[in-house]
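Each chain gets a letter, A, B, C and D, in the order it is written, and its residues are counted from 1.
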Amino acid sequence: MTPEQRRHLIYAPLRIWLGLCILLGLTATYAYLPHVPIKPIISLLIAAAKGALIVLFFMQLRKAEAIVRLAALVGVIWASFLFLFSFADFLTR
Amino acid sequence: MSSDIIIHEPFETAARQKVAVPFGVWSFLATECLFFGGIFLFYAYARWHGGEAFSAGAKETDIWFGSANTFILMTSSLTMAIAERATKEGLVRLARWMLWATIGFGLAFLVVKGFEYRKDISEHLIPGPHFKLEQGPAAQFWAFYWTVTVTHAIHLTIGLGVVGRLLWIDRRGDLAPHATTAEGTALYWHLVDIVWVILYPLLYLVGRP
Amino acid sequence: MSPNTQEGIVDRELRSPSYLQNGTTIRSWLLTTDHKRIGILYAMSITFFFFLGGIAATLIRLELISPTGLFLTNDEYNRAFTLHGIVMVWFFLVPSIPTTLGNFLLPMMIGAKDVAFPRLNLMSWYLFIAGGLLTVLALIAGGVDTGWTFYTPFSTLYSNSHVLLAAMGVFVVGFSSIATGVNFIATVHLLRAKGMTWMRLPLFGWAMYTTSLVMVLATPVLAMSLLLVVAERAFGLPIFDPRSGGDPLLFQHLFWFYSHPAVYIMVLPAFGVVSEIITCEARRRIFGYQFMVYAMVVIAVIGFMVWGHHMFVSGQSAFASLVFSFLSFVIAVPSAIKVFNWTGTLYRGQIRFSAPMLYALGFIGLFTIGGLTGLFLASIPIDVDLTDTYFVVAHFHYIMVGGSVSAFFGGLHFWWPKITGRMYSERLAQFAAISMFFGFNFTFFPQFIMGWMGMPRRYHLYAPEFQPWHVMSSMGAVVLAFGYAWPVFYLGWSLFKGQRAPDNPWDATGLEWQTRSPPPKENFDRTPVVTDGPYKYHPQDSTPHEVEQAQAPQVP
Amino acid sequence: MPPEASTLAPRIDHLMLILVGMSVLIVSLVSALLIVFSIRYRRGSTAKRGRLPEWVSREIEIGWTAATFFVALFIFWFAAALQGAQYKMPKNAMEVHVVAKQWMWKLEHPNGRREINALHVPVGVPVRLVMTSQDVIHSFFVPAFRIKQDVLPGRYTEAWFEAKEVGTYHLFCAEYCGTDHSKMTGGIVVMPRAAYARWSRGVDEHGTLAQQGAQLFRQLGCTGCHGQSARVRAPSLAGIFGRRQPMEGGGFKVADEEYIHDSILQPQKDVVAGYTPVMPSYQGIASEDDVVRLIAYLKTPNGGSVE
């Protein structure tokens, strides 16, 4: 294994994994702190950040072809239609 | 870089064929995104509508099991990522080890999940006549819990199957030319991880301390 | 496009065998990954389901002749219309054009050897069969009585029928749709022949692409809503149960998020088929190609944002109803554009009234009526009165049966020579097309009137003042049934005794016509290269008339 | 054409006729074009087929896109305006409670008179329907009035009408609800006011809805906690209806029919600020009919303040 390969194969993913672990610790701690605001939002934001790390680096969307990125994006956009219009009903009853 | 990718029937060029698997798998992941989107909509509605009673139900989950499983699955993602990259680089030995590790972590997840289920069952956390809490939003939380974790576990089991298939390919011959297959497998495995990462705050962090 | 006919004097025997001769054992069919053979497998399966659903329709129409019912009990009637709905929607209409004509033609039209994932394609058919078996099992076990909509809490807490089996059947067949969708999207993106740019894609290709988009993005939500139904019904988990604070409307949102776009899964492919037929039979370039493409894309996207118009009386908020109503009007615009453009294509053409063309013209008429009555149902005050009446039944049959099924039959005839290598009897086919058109109108137009008079749907005992309309409708159904059954005979005859088809009997420009009939396994003897847009029936700045005159002396 | 028996019906029909007219126009236009083109440009005809300049196609395309868009916008606007009228509940309407179950309609007048599968109403008086279901989703559909509203379990939905013609009209269940769905029908009997007054005087011996509710309020033991001398701390219900209640966990909720319904059957859901959620659920103890009575009682000026 060349040093180049070692960097690409081992260290880069390890760094991401470390980031994920830190975020996991953060989110669990924050949830148990007494008297801190907007807990649900923080926990979801951290989950989104973790998801983004996995998508961009583990799944290599950062370096992917345009059409692959498009496919990835489309799922999220369409799911947002589902939420947007359903809650347009729930919230205005 | 292993350059000797086999060109299958419908494809004329290796470049097109290389993008086909990630593109196809990503399209399927878009499907998965909407699949889980459906049950997340149920969660969002129940949490919004159920208010405090919903959180009261969510308090009953065990964060230790949940956190341990999040950690296990994140680590399996790491080993999977290394395995996929190693396959591409032609480092078959490393890839093989990492695939075995991934399978190990996946199984560990299921075992931990099993213990968690045992605890949940012993505490009567299955909605129904013997349900521990009030019927109502708390029961809805647990309906979500059971449905989504079982669905996720089925996804994970399928994941174990496709990773196992890679090992089988390896056993029968050379893994290196199947880099795109490894890539598709890895994408699916990571998705299963992401779903869990999103589930973690929804299941284990509501209404604490 | 480059026609590579006139290959010189190549002996028929020396060329590779056609896809039909390439292995004749049952095994070679059941394990095939050839998109054309999978198309045939699908065609046989959906024909079975079409007639199964048709039997249920026959029972329904017979029963409704009398206001007090003829021979069915309440439960039997409920099971009959549920079976009709489930089978026709998921086992016939949704797969109809994409999995048969789409599978067969899409790779050929874009100059590819196969779809992007041939084995996935075969798996899709097996999933279809598995889902079909589960549903047939539900039928044999005694049937389902929830209606095809599976509304909760009826389906989860109250129904005493085999909801689980049917829901699982539909769940499984959903994944066959998704597999087809993923496959087609990748195929169109990655396997277009050299020179086949997006704006040179035949409209049928665009139709398959947009349909697949809807399949991939809508079907999973149906899968999840059925999974939730199963969880509540089988395991007693309170999900939609109102006693635990669940909302029955949540199910409806999830269900219609799929089921409204599903209407576009059924009708977008029809747009594609009709565009191919009309251009060829009128010898005319499509009027406004780009607008036709954009219209389909807009329909596929906005189609996801209008589902709430099924829920105007459901207890949905007034604000949400208003938003959904507005978007439903917006989506009428691209549909109207398409109708006008097909009409415009006929202008200054050289129109031939072959059977496919008759089906296509019928499609335009019926689709127009179906689309316009859609505007009635998009207007909230009128929908409040008309929803859940026969007006709605008539409306969606105009779109899905008058529209899609006409187009499917049109396409089946149009590409029959290519698929089977045999010609059919033009006269008999024209007769079938005409009887289908009239039979359809006799069956469903009275239903608009009785719906407007207040006849609720899913009733088999009804007030006597509706009887004349029901009798008219049932009589029309006889003609319609003939229109559907008749092609089985002459097409069946053509399979064995029909004249051998030339490679390009209609003198069409699509790539699929530039190869042999029936095509070889790898589709083309020589990989095609595309140099121009589709529908090159006359040069861009010329007319069919001039072409005709220029060609006249050469025609023997 | 079905009878137009409510004040709303002619307005709906007006819109309907506009749409029918427009549809006939468009269908005739399209079919006329199809037929004319088909005949004129049939293969081998001698009709001239000159060149089409490129701009024609684009101009026409943009033209009819814009035209259809404006037609659609116009109809939407027209329909939305009418929708406003349809949704606005008239004040001082007579209130009728509707409880639907498989497979019958139970209708309860404010004076306590109960009917099954029939509803007697006076002509010329607005009637507000407050509806709920005991089991599955049903739908209250009176074609002659052009009204339809789904009736949901666990929720109240509303509809209103003002009958303007004396007569008997169909009542249908329009949402499929199981085996006897097509038998879940009834009649709306619209009577002259005097006749209605005579009919409604044949009151039930049980008293008005509110009186029955007061009785239930005691029988079910509500006074034990919500009464003034109760030992358990529970919010007083005197004059509760329509009041804004502060919620535990923040926010306010208006105590409407829906809120009271849920507070009886799912008391854990919306707990008033400052109270502990000790109230048991009355699911299975109080039927939907009972809840209707309790609400009628709590709506009266001194409802909930009994000792």
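By definition in this document, a contact is a pair of C-beta atoms (placed from the backbone, for glycine too) under 8 Å apart; a residue touches a chain by one contact, two chains touch by 3 or more.
Quick caveat, the model's predicted, so the values are computed rather than measured.
> Of the chain pairs A-C and B-D, which one is connected by the greater count of C-beta contacts?
More contacting C-beta pairs are found at A-C.
> In whole angstrom, what separates the CA-based centres of subunit A and subunit C?
39
> Where the CA atoms of subunit B average out and where those of subunit D average out, how many Å apart are those spots?
44
> Just the number, please: Cα centre separation of subunit B and subunit C in whole Å.
35
> Can you tell me which residues of subunit C touch two or more of the remaining chains?
Correct list: 189, 217, 221, 243-247, 249-250, 253-254, 257, 315, 318.
> Give me the residue numbers in subunit D that touch at least two other chains, ranges are fine.
266, 269, 283
> Can you pull out the residues of subunit B that are in contact with at least two other chains?
Answer for subunit B, listing residues that touch two or more other chains: 19, 23, 27, 30-34, 37-38, 41, 45, 49-50, 53, 135-137.
> Going by the touch rule set out above, what shape does the chain contact graph take here: line, ring, star, complete or other?
Shape = other; not a path, cycle, star or full graph.
> Can you work out from the touch definition every pair of chains that touches here?
Contacting pairs: A-B, A-C, B-C, B-D, C-D.
> Within the complex, which stretch of subunit A touches subunit C?
Against subunit C, subunit A makes touches at 67, 74-75, 78, 81-82, 85-86, 88-93.
> Touching subunit B in the complex: which residues of subunit D?
247-249, 266, 268-271, 277, 281, 283
> Across the complex, what residues on subunit C touch subunit B?
Checking each residue of subunit C against subunit B gives 33, 107, 112-118, 120, 178, 181-183, 185-187, 189-191, 216-221, 223-225, 227-228, 231-232, 235-239, 243-247, 250, 253-254, 257, 527.
> Once bound in the complex, which stretches of subunit A touch subunit B?
1, 5, 8-10, 13-14, 16-17, 20-21, 24, 27-28, 31-32, 34, 39-40, 43-44, 46-48, 50-51, 54-55, 57-59, 64-65, 67-68, 71-72, 74-76, 78-79, 82-83, 86-87, 90
> For subunit B, which residues count as touching subunit A in their complex?
19, 22-23, 26-27, 29-34, 37-38, 40-41, 44-45, 48-49, 63, 67, 70-71, 74-75, 77-78, 80-82, 85-86, 89, 91, 94, 186-187, 190, 193-194, 197-198, 200-201, 205-206, 208-209
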